[in-house]
Every structure is written in structure tokens, then in C-alpha cells.
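In this document, chain identifiers A, B and C correspond to the written order of the chains, with residue numbering beginning at 1 in each.
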């Protein structure tokens, strides 16, 4: 010891370790081995195999989605009796959000004038002109009150007269779906993704796919897993909806494309996984999806007319999720280290058990320690006895 | 020892632990207890209670947003003198991005012809025809120069004549907000979320809510926290804007819906939290939100006319964030393990302090060790003394 | 020991540590120091300096994007011979997704009537009326079959007659880009971000920027890094596309704005970083971006006409990614702790090596232990000898 202190450089090559004690208590030994086994199983089975704790997962993904709907539907409107994608897909530009009209109420040839308010607007009914405040605009109403109470057309109720786009929209008769053909519309989805940090880009369309294949194929998990064209009816039923119901009232559908690319494996194995889910509850209040839009035109006299459409349909929302996982030394170390610390916890528990188990023989243990102590201390000065006991 | 080696199976049941030394140095003992207390407080108070370190947090959320704006505004345009949602909400289909027009400049009846360029376009002024290069299209200009310098209508300055949609848009007079009623417009927001990995879906609309409640209620944190209808004026003021200012120049508002669902608790406790924030700085350069669009029509002669609108208003952007937290054995172990390692660090520090504190009594400590060593080594052969000292 | 047990409070101030053994085996010592050095380098160099393991990284960012395209292009359509942003940018409202038309096919003056199907539609050709099932709507077709086989206009092939918007669109001649001026269009991008948890908001536009600067500047990494106006041609070439090719067929471009804000540093140092990437593969099948839209009008007789446009162009998608990193005590502790555990692993390995290295001198080591044991046990009762060996 004294020699070491005289040469500080030598100190560098010293290695300090702890003094181990081996006990042959079979119960504690077995317990410890059992504990080690559990930890090992946990480490290998759960942390490494199941949870892939040796990998870092990155979910930053750059994605681009192109959609195109095709199909023809016969409808009955003043505007036209045939609808193509230019009519029933809103908005036009095929992005990741698109709406396919499956039912609608047309209110043709509206002009700005006065007419009785729709009875479906809250607080619109009246019995007397005094109920209608002139200039007031009811929330959710169609115009500004003129101050007159008026009989609605072909209806027995009286409502306040308004100035607005007239005639007002009629409440929806529980009509059958007007675009019956919508079930057979096809939705083409092109998805291109990029993991910038790994410099990898993938697309959901096979490079081998010929244009003619894409023009005629239909996605099918078994026969055509790489065909990017989906039948609208299939999408709807896979999302758990009944087509007829939702086509009438509208609904939101999430088309989820999942990419899980393991960069420790061959990245050509990373394929898109499609899933479809209904994004709406079944409660009547919160169900459905509709909105209104108008088409304007002017007549020879310069007066503006508009056709109002309240459209119901499927809101398709393509959501792309991607995870890139790759071996990470930091993650591996953190996971292994915390498992090893767990091992130390096991060791500590075993120590405690050992201590309690030998309590019965504590007298003897005590005497063992005492014996040891006595030997150790037999040459020590008196006042240091209180400081250390080992 | 010799017996153990003769039966290797017995070795399995051996348990190796370290030899502990107990010191009764009160200062170090107290320090260590204090250290233990701090670590425990940190572990329980910070890691577990505050940061919920026993949970894994997943922020992958599938969300669908439906919005609908209602309200009527009196405006003064050639097109119509009353605007409903079909006119002032762009785009029509109520998604998570929507724009509500609150102010606009109409340039009616534009046709493709020649007219002097607007003086507000940079480098458009001229003194002579030579300043105007024929066929050149100025950046941010309204058309292609014809090569003539011309007096602007009702203005003393001369600008280059252009071929384009004429007349050009007039610079904005600092006019008062034209859609004053916009403050009372209502915005209905329906949000449906799904945590696929937990198979949980929630909506911000109470199942108990009747259609009539939603048609008449107005969101209020105290009285109507579950009403999904917001007054536009309230949204704007909660975002920290003054309505009059932003209505005139436009602005972006983020409507944040936060879901924090703790799957260790009852998930019926996971409610949406709304917050509103201004998404724009107050610097004049970067403030405001406007864009232009045109409506086209043809006259009897087949000539195309257009009405150009430069619209200012609120860009509402519904952002949905969700976190699902759930007990995770891996996270718990990693956190506990790292705290325990920290404990080991404390132990190490105490060891070092102990070593230094007893330096004064080092001679005695040394002699203690020496004494111990002498006993241990008294029966050892001479050459092993250099290898081990304990 | 007996004294301590009589006063349990005193026990609190006891400090239990392990008994260390110092070996002067130079090889193991050196190995351990080397191991310590590696761990230290790893901890400091990799975990702390490179990976910033002392920081927690939050990528929840609220972002708002405003875009505006400017430029004039001469085109040749029945509709107008000059296109401004109102015509070539779809949709109008400048959000984070925008499409700039660079090429298009116009099919003017379509009406609902009968005409031969386009030969480019699969399975549209026929030799006889029997090939055309009346009432059938071919997928990707333009209308509903009338049951007649008919000669296409100016073409030798026979196709089934359809009822739909006629005449049908002609297949694209490999025409030159029709909006040649698109290369010089400018795209203004305003991005406002907010890190709510840090209460920090930033914009990509310098506060010092005057309106006139923004109206005339053009982004340039060296001379104008803070100018938010980009030339479309530059964007396209930086994304790795050749302008002429993509302008003809269309393509998707991702404009990535990255904010990496280190909240331990001055946040005024956190600037946007722009990068551009092509979001499409080069395979002919999956390349390109186009969609169709129609403009409707009515003639004096009330018949609806439409102009159909198939537009090709650049889909620009502004993606904003942001990371806010800040010192986190939990992360620091987890990282340090796991590294220290790693140190313990090194220590364990050294122990094992030490054990094997001294195997040659094992007899002596054994005798050393024996010697120690004999001394310790010399005063113990006989039956406890089997339980402990130290």
C-alpha cells in the first residue's frame, strides 16, 4: 500500500474490485438463479424480440398522396342527368382528403328575394308579425327577417318571412341513395413516402406494374395485394359501415396506410398495409357528413341565380403512418443496462432474504461476525473500535 | 470449496454476494440517508407522480374533423347583397382547414383587354413608352406589357399599359370590415378520434346531446363545456386578437383540441380540451391573410367576364393532438433502474467522502487495514503478497 | 453490533458499504482503465455531444402556412388567352397544399349527348353492336353505353357509343409545356410556428423585412437566405426534377421547412431550413400528377355546357417539421445511469478475467482464501461451516 502511494502512475494500473462471498444456501441460490432466468427471459423475449428494444424507431415520414375516383352515375337534377368524377368528387384535385357525393338535395334556381323561412330552422315558426323582429338574422337561418309572419308553401305552419336565397331548401325526405352506382366507383390511391434520414423512398405501386394492369385491376388482399385501385363499396364495408345507410347520411372513412420499415432487414420487404376504419360514431346526432355548395349563374337580365346542393357522402381521408426502425447502440445500452440494474435489485433482495433466513442461526452468524471482528480488531487501538465494524 | 468443484451441478445453487462493511460514521451515514431521501423524492415525486414515468405515451392518433359555419351577413356587391356560408366559407366542404371571409375587395366585370397597370405593382410607373418593354410580364403584375405608357384612370401617375384582366384591382382603402355580422357567426366543430392500438374511439360530442341542444347551444367553459358550437367572435378574442383589426386584414387562428387519455384510469374521463391561438405575428409585413379568386361568366356574345375577389378573413385550422398513456413495464423498469444506479452513484460518493474524512485518522485506518492484512496473509506464501492486498 | 441493535435510531446513521479489494495486476488494471476511457468517450462524445442525450426532444409543433403564387402565362384556350394565379393555382386559398398548372388539355363545349367512347378507355373498342351492352358503364369510361358500335371521329377504330359529356377528351399529344412562363412564377411561403409548451413562436420572415423587400426579393441561400419568395423553376430543379419533363406530365414536390430549436441556446438562433424533394418515382406508371375539373355554363336555351380541363402540374406540399430540444434532468439521469451500469459490466468482465488470469496461480489463490477462511472460522461451531464460505 505504501509502495503504491509513492508512485502515483502505478495507481493507474490498480484495479479495485469488491470482495465476493459465496454462500451455499440452496434456497437463496435457487431463488437467485430463478430470478436471473426471469430477467433473461424478459430481456431476450420481451425487450429484444417482441419490443425490439435494440432499435430506435423514427416516425418522421414525408408522404405524398394522389387519389383519383372513377365511375359514372345516373342522377336526376336540373343541372345534368349524369354525374362523373368532375361532379361528385369534391375537391377536384385528388389529394389525401376527398369527398365522394352519394346523395344530395338540390334546390334549383334560387334568387335573392323574400320567402317564408324553413320550418326546420329553430324558432322560425310564428303566429303573428310581432314574433318576427325585422332585420334579425336567426342563427342557422337562411336569411334576414322582414318582420312579417307568413304561411309556408304547401305547409300548414306559419314562419317568419325572410329576405334571402329563395325558395329555401326543403328538409330531406328519407330518400333512397341517389347515386346507387357509387358502390362500384373505384378509388385509385398512389402513395409515395420518403424517410429522409435513411434516404429511402417507396411507393405503394409495384415498379413491375404496367399501366394496363392498374387500369383494370382491383385491390384484393389475396390475389391483387399490390393493386392500388379500391372499390368504394369494399372500402365502406371494410370500415364496418353498411353502404346503404352511410350513402344516404354520409360518413367519414379513414384509409390508413402503414409502412413499417426495418432498416436492419432488407428494405424491399417494407410494404404498405392498408386498413379502413369508420371515423364516426353511430349516434344519430354525431353521425353523417354533409355540406352545402352553390353554383351561380346570371340570366340575360343580369340577375344572379344559384343552384344549392346539400350533399351527403363519404369523406375519405388517407392517413399515412410510417415507422423506420434501425439498430441503435444507445437504445440497446439503455435497455441492457436497466435490465442489469434489475439484476442488481434481485441480488439485493437475495441478500436481504439471506439475512432473514439465517436469523434462526443468527446467534451463530453473530458469533461468526464477532469472531471475525475480534480477530480484525485485536491489534487496533481502542478508540477506532466505535468507528468501524466489519 | 473443493467439495463444490467436484459436483458442478451444486455450483448452480451457490449464491455469490459481496461482503458488506458497516461504518458508524454519523456524518457519512446521515449524508447517505439524505441522499437516499432526495433520490426517493425524485423517483416518487418527479418521475412517477409528475412525469408519470411508469407510463408509455403514444401520440399516434387517427382523427377526423367536420366543421360547419352558420350565419348571414349583409354585403354590398354586384353579385348579391346577402352572403351565407356558401359564399363566405372557402372551401365549401367543412374540413379541418377553413377560411371565413370577413372583408373583401370586389373587382367586378373584368375582361381580357388592355388597361394601365395598377400603380401598386412595383416598377409599374413610367414616364415614357421606352420604360415599358413590350411583351414583358412584371413579377406580381396583372398582365403583359404592351409597350405603351399610359395615364391611370382617375390618378395622376403614369403606368405601363398591360394586356390582362381589366380593369385592375384597386388598392384597398382602409375600409371598415364589410362582414360586420361575422363576429356572431357560429362554428360547429365535430371531432372524432381513434386510438387504434387501444381500440378506443371518442368524439367531442356527448352521446346524451340531442340534436336540438346542438342547434341552439353555444360553447362556454363553465355552462356548456360539451357544446361543440363556438361563436367566431369568441374564438378570435380567445386567440388574443382584436376582432375589428383582424377582420379587416385577415389572420390565422389555430383551434387546438387536446385529448390526453390515461388508459390506466377510466377512459370516460378523457375529454377534449379546446384552446385557441393566433398563428401569426403582429408585424405588419407578416400579418394578415388574404387571397384572390374569380367567378367566371360568359355574355351572349361568348365573351368571358370575371368578377375578381380579394378576400380577407380568418383561416381556421383545427389541430388535434392526442396522447394515450398506459402503464408500461419497460418504462417503469428503465426509470427505476436508472434511479437505482443513481443510488449507486450516491453510494460511491459516500465511499469517497468516507475515505477522505478518515484521512486524519488515516494512520489508524491504515494500521487497521494493515492489521487485517497481516492476519489474512500470515499464512500466505511470499510471492502472492504483491498480487493482492485487501 | 449489539450496541447498535439496542438503539434503533442509531441504525439510521449507519452507512453500509462493500469491502473493496485492490489488485495490482497491471494487465487487468490497464484493461479496466481502457474500458473506462471508452465508456467516458462514448458518454461524452456520442451520448452528450453528438446525440445531445441530456436533452428531451419535443416535436409537437403548431404550424400555419400561407402561400401565394404570382406570375402571368400566355395560353391558348377558348376560355381566355392569359392565365393568372386565379386560373392556374388550385385551390385558390393559399394553404400548405397547392397545385400549379403547367400543362393542360382543354375539351371545350361539352354537352350531355351521345358520341363514340374514347379509344383510350380499356375494352371500349368494338366490331359489332353486340360488343356494347346497353346501359353498362365501363370502369374509367366517360359515360353509359347505348348499345351501338360506332366509328370514332377522324379515327379508323370503332368504339361503343356512349351517353355522356360529349365530345370525349382527346388523348394527350406529347405536346410541349403550355405554360412555359411557369418556370419564372414565384411562390411566396409564409410559415408561422409555435411551440406551445415553450411559449415560443417564430416566423420564417424576418421582422426587419420591409414589404418592398418581400415584393422584390428572390430566395437565395447565400444572398437572400431570409427571403420567403421562391422561383418555381428553382424549386423544381432543387427537387431533382428537370423542369420541362415534369411540367408536361406533372409531379409532386415536397417543400420541407425544418426548425430545430435548442432551448438551451438562444432561441433567436433557430432558423428555418428549406429543402425540396421530389415526391414521386421516376417509373412512368407512377409518375405524373394530373386531375380533371370542369367549368359549367348555361346557354340561352337553358342547356348546360361545360369546359373540361385535364391539368398537369406541380403539386407543392409544404411540410413543416420542428424539434424543440431542452435540458431534461430525467433524460440526463437515464443516460448517465445506463452508462454507469455499463461501467459495472466492465467491472464484472474484469473480475472474470482476473479470475481466469490468476488460474495459473489458482493454487496459491485458493490457499490464500483457505488461509483467510481458516482464520475466520477458527472460532465457529462446526455445522455453520457448510453454510458460509468467504
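Just so it is clear, a residue touches a chain if its C-beta (ideal position, glycine included) is under 8 Å from a C-beta of that chain, and two chains touch if they have at least 3 such contacts.
Since this is a predicted model, take the numbers as computed values, not measurements.
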Which word fits how the chains touch one another: line, ring, star, complete or other? complete
Equivalent interface positions on chain A and chain C, same or different at half: different
Between chain C and chain A, distance of the C-alpha-averaged centres to the nearest whole Å: 16
On chain C, where are the residues touching two or more other chains? 18-19, 21-25, 91, 297, 300, 334, 337-338, 341, 344, 375, 389-390
Residue ranges of chain C touching chain A (in the complex, touch as defined): 1, 18-26, 28-33, 46-47, 51, 53, 59, 90-91, 97, 99, 112, 122, 137, 139-144, 163-165, 252, 254, 256, 277, 279-281, 283-286, 289, 291-294, 296-298, 300, 304, 306, 308, 315, 317, 319, 321, 334-335, 337-339, 341-342, 344-345, 347, 350-351, 354, 375-381, 384, 386-390
Complex contact set, residues of chain C against chain B: 4, 10, 12-19, 21-25, 60, 62-64, 66, 68, 70-72, 74, 79-82, 84-87, 91-95, 181, 184, 186, 190, 192, 194, 196, 201, 203, 205, 207, 209-212, 214-216, 295, 297, 300, 329-330, 333-334, 337-338, 340-341, 344, 358, 361, 364-372, 374-375, 389-390
